[in-house]
Structures are given as C-alpha cells and as structure tokens.
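Below, subunit A partners subunit B and then partners subunit C, in two separate complexes.
Coming up: the complex of A and B.
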C-alpha cells in the first residue's frame, strides 16, 4: 500500500525541536505534517506513557517543566497533521517517505525540517549482547513511557553524567541500582567543569538536578564509583554480573551510558553537509543561522545538528520555524531577524553548556576494550577480530563493510559505525566519512513500496 | 528474573493476552510487545548466528535488536514500538 499526503511543511520528529518549529509556523494557514516513530509526541526527553495509561505525577521534576509546557502548547495546536507511529525511510528535496503500521506514505512538502533527535552511543565490550544489557536511555524510556523497571538490581555504567539522573529515576520508581560507575576519575570531571565556569553558572538548574539526583542516590545507599571501568559483562542466557576494574558486581540488568550521537541517516541521505559531532562520535548536520542545511528546502534542528539537550533543541526548532516562514514568504527578513534574536541567543547559551557536558562526559579515553570475539556489528554478528584483520587493507568504512558485512544489517550501521571508525582511527586511518547512507533508512518490505493496484 | 511493572500511581489499559512463540502472555492495553515480553521474563527477542539469545538494546526503534514477526501479517516489527493487541501472535524465530 502507498498513500500520498501533500503539505506545506513536513517536520520529522515530534520532540522539542519539532514542537517548537510547529509552534513558530502555526497561525500562518500552512498545512503542517509532523512525523514521529512514537505514537505520541514528546521525543525521547518526554516519552509519554501510552494514551491507555494514566500516570499521576508524571515527570514532576522541575527540569522537565518548560518542556512539558512546550508539549502542552504543541498538543493544543489544531492545525497540525500528526503522523505518529511512522518511521521516515527516505528523504529527498520536497518529499519524505514514511512507513507506518499499514504501509508507506509519501509526504510531499514545500519545506522539510529534520528534527530526528539522537540515540545512545552503542559501546561494544565482552558480553554486551547478553539479554539484560541496555543502552541507559532505553532503561530510562521504559520508566518514563511504559512504566517498567527492566531489572531488580540495575548497574549503570559509562562516562556521561546523565546516568546519575537515570539511576535516581530508577530509585524513585521503586527500583534498586547496584551501582553507578564512572569510568573517569572524579578529578577529570571537576577539571572539565573548572575550564567552563561561565557555562556552568548559566545552567544552575541542570546542576541542581544533578545534585538532587546525587542526594536521592545517597539516601538510597546507592554506591557511586569514579575511575571504575567496565571490563566484561557476564552471564549465560542473560547478564548476571559485571567484571569491573574494581571487582565483580552482581546485577540483573546493565545500562551503558557513554554518550549520545545524532540521528544522522536522513540528512546524510539527502546529501546535506555534515561535520563530526561531539567526543562520543557520530555526525551532526551543518546549518546556517536560520537552521537551513546545505540542501535547499531542507532545514535541521535539535540533536540532529549536534547533541546539546532538549532546551537547545527547542531553541533551534523555533529558529528553524522562523527561517521556514521566511523562505515561504510569510514574513519579511526584518521580521525574521527580529524574531530570531531570542532563540539564537538561547541556542548559543545551551550549546556552551553542552560543550561543558561534552568535556565532563568525554568517553574517548575510557571506552571498554572489546576482545577478539566481541561482536562489533550486532546486526550481522561481525566480531572485532574479523574487522581488525581487514583494517590494514581497507581504507574506508565502506570497504570494511563490503569485506566483513559490518554495517550491512537492519540498523543501517547506526550501532557499529562509531565503533568501526574508532577502530580505524586507532589503526592510523581517520576516515573523513562513515558508511554511505542508503535508502531505506529503516528496513521496509518491497510490497510496501509498490504503488496501490 | 523478569522486569517489574511500576504500579504506584499508574493505571494501565484493560488486561489483554498476546501469544509469544505459542506461549500465552498476559499484559495490558497500551503496552508494547517488548514490555509484555520483559514483564513475563521473556528477554530473548531472537537467537544470533552463534545460537545465543539476544536482548533489545535501545528501546527507541533505532537498534533493530527487537525485531519479531507479527504472525497475522507476516510483517517484521520492532517490539519496542509495536503495541500489544489482544490475541496478537508473535514469533521470535524469524
């Protein structure tokens, strides 16, 4: 089955960036379609419980308040075509292909905004394919949305301070955290903070949220260790313990928290100019001062343009909306420049804070070491040794892919590309790009691509 | 072990039943297939080339580790995104 929708603006992503852009564009009489993989808007930061649930006191922490207000305003809009439960599989100038539960819908649009968010960096180490090992953000999303605790004794480990917030949310939900492990020493984190004092001061609420998380974990008696790294995850049919640099820790679930990388498949497929993202790796979409990409008619905002948090995403989304209104001839350049002042200032401030967070969370010196038989490409079960054997002769990520099948599977290389590029860099070959993006960005059946009979 | 539903301050949809590899699994309307499976202690979403069970990783539709088959339609669906529907039959065996 293949449906068609025609609209003025297609927004990919119903998180803070997409919401803010839709709000900036509403009231101009435009037809706007917002596409998201989740059934309800909110993005990962506000993964809403299903409509069939009622959750009292949902995400009441103060740091979520402005985002919940933004979501409320977005949900109150009556001129938005919400296309939830749809994954964008293809994108080119003027057209987006989205796959839903019933098949593929082609959305033609005068302007497209990519606000596709980010995902947890997948970090290979021995035992990481055991059931019970999750990206930490996945554990958090289960709590926020599905109201589920994935284990009775959850270990959270990595380098990113977000793991303190996640651990505190597990405890607040009635769960138990085996420990929070920071691979870097506390002194390295303090030194990074000290290098960016102004950025830190401007974002006191975020620091307070972290302090509140630390207090909650202290009350629960949750151990927090610095300078303690993961070496291997142990278990037969599921994870039962972690081997760390400070001994073995028993657990029944693990959340890996080494940072986040932009969802980059769509801008790359569209041919937009990209640049290396933060220290965690990945690729961020470049843009001008109205969030236009290098592809005419295609803008980008939010984590797709570099992982900087929900507040930066909202500012970037608002700016993108103003830019699109300008490009569609709805407002004058003067009006656009005036309206852009506040979101531009906000975006710059939030990005300064993100740079601080990047420095504090920098995982590069602390990645666990995969062993020869550790799976790097989870989709195709390609082991570290198989890839390592090709590095002396393969000069590009694509060449390694062809030789080993690394990156050829269902996830389209999202999981393994950063790992592969790190391996290549370590072997003395720093590639300028990763895998060539291919249509479709998500697997789709041939039957769904055929025109209706 | 199994994952635990948070019950305090949470009302779920009505009780429903889905079938995973022939096994009846009780769950609630609104839950994803992944939630229903994890809460029932079923944390293997497929078996890899080494014959080892594999869990889901990202829970946001990106990693494709939770692909299962909807028996009625034959579609490969992501268990972390697809809602459970009463009577739905799912296979983790391709």
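Coming up: the complex of A and C.
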C-alpha cells in the first residue's frame, strides 16, 4: 500500500544526530518527520528494548549518560512526527521513500537530513559464512535491544577497541567470552595513542569506559590477546572453533570487529559528493560548514559523514539543524553562525579523537586472508577466486559486478563493496568510486510499492 | 603510428561481435572502448530476444507499423544467430528461447494483436494467436485479465552479462586487439585513411566502425558527420530469486512491459519506462552522470507486471537500474556505411541486443566485400540529407 506525507523537514535516522537536529529545529512551527528503522528512537548506540520490556540496568555505564539525556529531550518534543519501523529505500532531492509495516510512504520535504549512521565492516575469511558468526555490532544490538546472547561461548576478534566494550557487555548480560583477540600488537596501539596525547586526554570518559571494560573482563577471567589474528573459522553446521595465529580456540559464536563504515547508500543515491571514509573503508558524505551536502536541500550528519562516534554525531546533527533553519529562513546568518560555534568546536574535537581511534584500530595490515573459495559476496555466493580472475580485465567495481554478480544481490553491495575495493587496490587499481548506487536501499515487497488492487 | 584494416569504436555487443567476425576473416582489427567492455546498454539491458513487432512501432500509426514490420526479415536471421552462438563460442550464454507471449487485456488491444499477427505473417514470421484460456494453459502464471496473446516460438532471453565479454574474448582469440579505458579524442582523415587518436592511441585504419550506442552521435561529430541518434534512459527492475515459474519472454501489446525470469531465478521487469537523464551545466544531456529514477515509471512498470503476472507481488524488488540506450529519429536502427564518407560505418540506435549478432555478421560480410542487402533497410543513407553540408 502506498501513502504520502508532506513536511518541511525529513530527518532520516533517530540516533544522536537526528535527535540533535530535531531539537535544533523544534519550536519554529515546522512540520518535522523523523524516520527510523527501529520502532523507538535511540539509534544503534541507544538501541531501545521494546516499550513493554522492563530491563534492569539498561546501558548504565557512565559514558551513555549524555546520550540518554539527549534522547530524553528528543522524546519530550511534541512537534515531531515519529515514523518508526520505517526503512528508507529511496532518496531523491525533495523526496524520501520509506517502507514500513503498512507499505511504502513517500515523504516529500523542503529539506532532508541524512543521519543514517554506520554499520560493521564485513570481513570475509575462511568459514565466515557459518551460522554463529556475527558482526560484533550485531551481537551488541541483540543485547541492547532484547537482552539476548547469541552463544554460550563467544569469541570476539578484530582490531577495533570497541570489542572490549562489547565483550564486557556480553559478560554483564550473563554471557561468557572465549577470548578477545586483537590482531595488532599492543605496542602498535600504544604508539598510535602516544602520537595524539591531547586528543586522547580530551576524551577521558571514553578511555575510562574502556578501562572499566578491561576491569570487568579481568574479573570474569576473560583472556585478551594482542597480536593474535584470525585465520579461519571452523565448524560443520555452526561455528565450533577459530583457528588463530596462537592456536585453536573453541567457541559457539564469533563477533568480528574490524571497524565501521558509513551508511552511504542514501547520499550516493541522491547523487551527493562522497569521499573515502576511514581506514576501514567505505564512503563518507561530504558537507560544508553547515553540514549541507553537494545536493541542494539535502544535509548529512553523524556517521554518514564519517565514523566518529555518538558525540560527534550529536554535534553534527545540531549543526545541521542550525543550517536547515538558516536555509528555511527561520534565523539570520548571524544568529546561525553564533549558534554554530559550540557544535562546530565539539565536532572538530570529537573528530580529532575519532582520528586517533582510527589510528589505534587501523585494520588494513591485519585483515584475515580469504582463501580462493571464500565467499566475498554473500548475497550472490561469489567466491574470491571468481573475482580475482576478473581483476586484470575490469577497471571499475561496476565492471566486476557485471562480470561476476558480486554486489548484485539484496544488500546492494553494502557488505562486499569494501572487500572488493581492497582486492582491486591490492591488484594495483584504486577506483575513485564503488558500485553505482541503486534503488531500493533495502529489498521491498512489490505489493508494498503499489496501490491496492 | 599503428595500422589496422578496421578500427571499431565501442566495446558493446555489436562492436565485439563485429571485431570477432572480421578477425576471423583475417582482417586486422583494433577495438577501442572508453570504459570497460559491456559497460553500456549491452550489459545494462534486460536481455530480451524479441522478434514480434514491438509495441513502440504499433502505437504511432500505420506507416511506422509497416516500417517496424520490415525489420522482421532481420529477426529471422537473428533467430538463427542466437540459436547457434553458444555452439560457435563454445560457452554457456544462458540463451533460453522457449517462446514469447505478447498479451492483450482489452478488446482494443486484442484487435491490435490481430493486426500485428497479420503483418508478421506477411513478412514471414509465424505467431499463434491464443485466447485467454489457451494462453493460461501454456503460461499458468498469467492473470485472468489476459484476453488474448500472440505466441512466437523463437522468442526468449539471453544473459547480457555473458554474451559481450564472450565475444570480446573470442575476438582476442582471433587476433583482434581490444583496448579498454581508451578515450577517442580526435579522428581525422589522412590520405583516405582514418587516423584515430586518444590516450595512448595513434591508429591509422582503412575503415572505421562507430558502434558506441548512445555516444555514437558524439563520436560521429568528431569526424564532422551528423548522426540522428538520441540517448534514452530506461528503467529496469530485478526481483529476488524465485523458483523457475516463467520460461517465456512476456510482453504487452498495449502497455510498456517486458518480463522474464533469468537463469539465476530473478525476474527482470522492464519495457521502456523512462528515467530522467542528467543534464550538463550548459544544458543538454550528460551521459556520464547517473540518470534519476522517475517514481511514476517504477509504479507504472510494476503495475503492468502485476496486472499480467499477479504472482510478482509476492516477491521483493531488490534492484532498479537505468540503462542508457539510443533511438534514432525514425526509430529504426542505423546500420551500414555512410555514403558521405567512404570507409565510415555506423551501427547504433537500439534493438542491438536481439539483432546485434546479425548486424555484426552482415556488416563484417559487407566490410570485406560481400553482399549484405538485408541491411539496406537500416542504411545510414536514409539520413544522407543531414550530411549534405558535412564531412
């Protein structure tokens, strides 16, 4: 069933960026629609349990406090049209198509803000398509949203320090972590930290959160290994062990944590200028100093503009809201510049810390090696060797897609594109773009796109 | 400077097939492609092998319908070319010629079908006219709203991802040079030969074939020739994979619809619904930028699909894309030598998936001195008046 909503501002994403933008725009008499895939606001960082769940001690760690305050202020707004449980599948200048439980809604808006967040980098290695192998962020989402543990003995492995927090959350939820493996040596992480001591000091709460996670893991007796890389995941109908550079580790679930990439499908679909994101790969949406993209009437904030964490997202969202208020003629340039000072300063500071984190977590030297028969594109079951055979004759990601079906499936290449671009770069070809973005960003039922019969 | 008998600009189906045919006849061939092989309409179209007269020829009066009917003579060649190509190339190209249905939903459309079938039989193409129940007996997936259908036993589909790369490989195997990532910047005539320059390219050739799809008019402009070829951006849609249910090519006589199921199981839904071409800053179309989907095209195309094959509503749409193809000012492709400029050949203007192998075979014959009368209908000579002050 197809439906229509007209509004002044459509905000895609109910995480910190979308919340902050809505708060900046609220009170001006605008009609504002906030669209999110989750039923309730919060984003991935504060993924809320269903309203009828009572969860004791939900995300009690101190580092979540400012975000919970922001969420509380957002939820108290009475001039926002919350369109939860809706996935945006299409975006053009002035219009957003969102798919929900009742079908597709087309939202037309004078201004659109893309605050769509990021997702885990998919990392192919032998055995990674076995049941029980997750993106670490997925394991965390199960815990935050449903208090569910994905296994009895979970191995967490990668290069990103966030895996310490996720391991501690598994333990706090009553689970058992087989081990936390960092592929890089501890010395590499310390050296990266030491290169940017000021940025590190400004973000003491985050460092303290990591320290608290380390203490919790120590109390639980969870081994943490540095310089230990994953080589293969083993199992028949489910993962049962991991082969690592330090031997075999038994487990019944694995969380891979090599970094995060921006949700880039929507700005790319709208034709916005993108730039390569951090060392994990992917594409970040470019913007000006009021978070406007290169497409008139479309702004971007949060992880879509580069993975820099929830605090940066909130600052960017506030700034985008001020920019939209300026563009809609609600405030003067002078007032906008004045209001923008604090969020701009915050954004710069948080991004400096994100750059430090990028350096600490840089996965590029530590990616596991897929074997010839490792599947790179899971939607279309395209193996490493099939892609490798085309690299000498294909200059673009699109050409590889056409030749091999890599990226042609339901996820639109969201998962395999970074792997493919890494393979191309290794073969000496660094493409300036990835796959051409296509509608719909999520698979959508044809019945939902049509008026009723 | 390099020398060749023939230079071909455009690494699509026609360019690669012609390179292969010519090289096999012993000609030295250099094929020049700006991007990757198969990156344009050859790889982006939905792979229909359609031999019945197209709806677009039927909806604009008798004269055009008559012209559209003449192309049937070439279709008869194309049936044979497609039935033999997998054997010739010794490759599985997912050619599936299990027949095609062109359906009607209204009495008016039924009359159109009958007139079409009469025209086709005059041109030697056999189609059967089925009533609704007969059509559903053959194709149980069809809606109860289908009143009649024309069935052509030879229609079907092939894999656009597979055919052109296979032809390029075959061309290389016969000694043709294939240069990708090579932009042609200038074409001049020197001592009766064509001199083609681009990045890393300086080539002198006896003959030049322009087979650059929607870009062909721009390539011809490099040599000061007008070619009335216009870009067209068409929407296509793919569903998730489904178990085999539709062996046929399904088209509509009165609505824009083509529908088929690929060897992988995806349903491809298209039929000529427009997308919006990007514009340059100075006006005019920018073929290098992504065309924009028109929401009404998506809905219109899926509605036509639902009305003909109701089962599509149970599937997920996973991808909509736009391919840029070309149309000429009289809708017929332009294929053959340009009288104004001896040695210059053009093959562009649409229909080049179904008919491309045939265009290539006949052109390769003609370029090496054999007769190829079948192409006279499509000759660029019909636009010679545009080039009276050119060349």
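Throughout what follows, the second predicted complex is superposed on the first by the 450 of 453 C-alpha atoms of A that agree within 3 Å, B and C clash if a C-alpha of one lies under 4 Å from a C-alpha of the other, contacts with A are read in each partner's own complex, and residues count from 1 in each chain.
Keep this in mind: a contact is a pair of C-beta atoms (placed from the backbone, for glycine too) under 8 Å apart; a residue touches a chain by one contact, two chains touch by 3 or more.
Please read these numbers as outputs of a predicted model, since none were measured by experiment.
With both structures placed on the common chain, the touch criterion links A:410 to subunit B and to subunit C.
Of the two partner chains, subunit C is the only one touched by A:450; subunit B is not. By the touch criterion defined above, A:393 lies against subunit C but remains apart from subunit B after alignment on the C-alpha atoms of chain A. After overlaying the two complexes on the shared chain, residue contacts for A:378 are found with subunit B alone; subunit C is out of touch. Of the two partner chains, subunit B is the only one touched by A:119; subunit C is not.
Of the two partner chains placed by the overlay, neither subunit B nor subunit C lies in contact with A:42.
Contact with subunit C, but none with subunit B, is seen for A:439 once the two complexes are overlaid on the shared chain.
The partner of subunit A that touches more of its residues, comparing subunit B with subunit C, is B. Shared-chain residue A:54: touches subunit B; no touch with subunit C.
Judged by the document's definition of touching, subunit A residues 409-410, 443, 445 lie at the interface with subunit B and also at the interface with subunit C. Against subunit C, in their complex, subunit A makes its touches with residues 2, 90, 92, 95, 97, 106, 271, 393-396, 398-399, 402-403, 405, 408-410, 412, 436-440, 443-447, 449-451, 453.
Put simply, subunit B touches subunit A in their complex at residues 1, 3-6, 8-13, 28-32, 35, 38-39, 43-45, 48-50, 52-65, 67, 75-76, 80-83. Residue ranges on subunit A touching subunit B, taken from their complex, read 37-39, 44, 49-57, 85, 87, 101, 119-120, 122, 129-135, 137-139, 141-143, 146-152, 173-175, 237-238, 252, 263, 375, 378-379, 381, 409-411, 414-415, 443, 445. Interface of subunit C with subunit A (complex): residues 35-39, 43, 161, 165, 180-181, 239-240, 264, 289-290, 292-293, 295, 298-299, 302-303, 305-306, 312-321.
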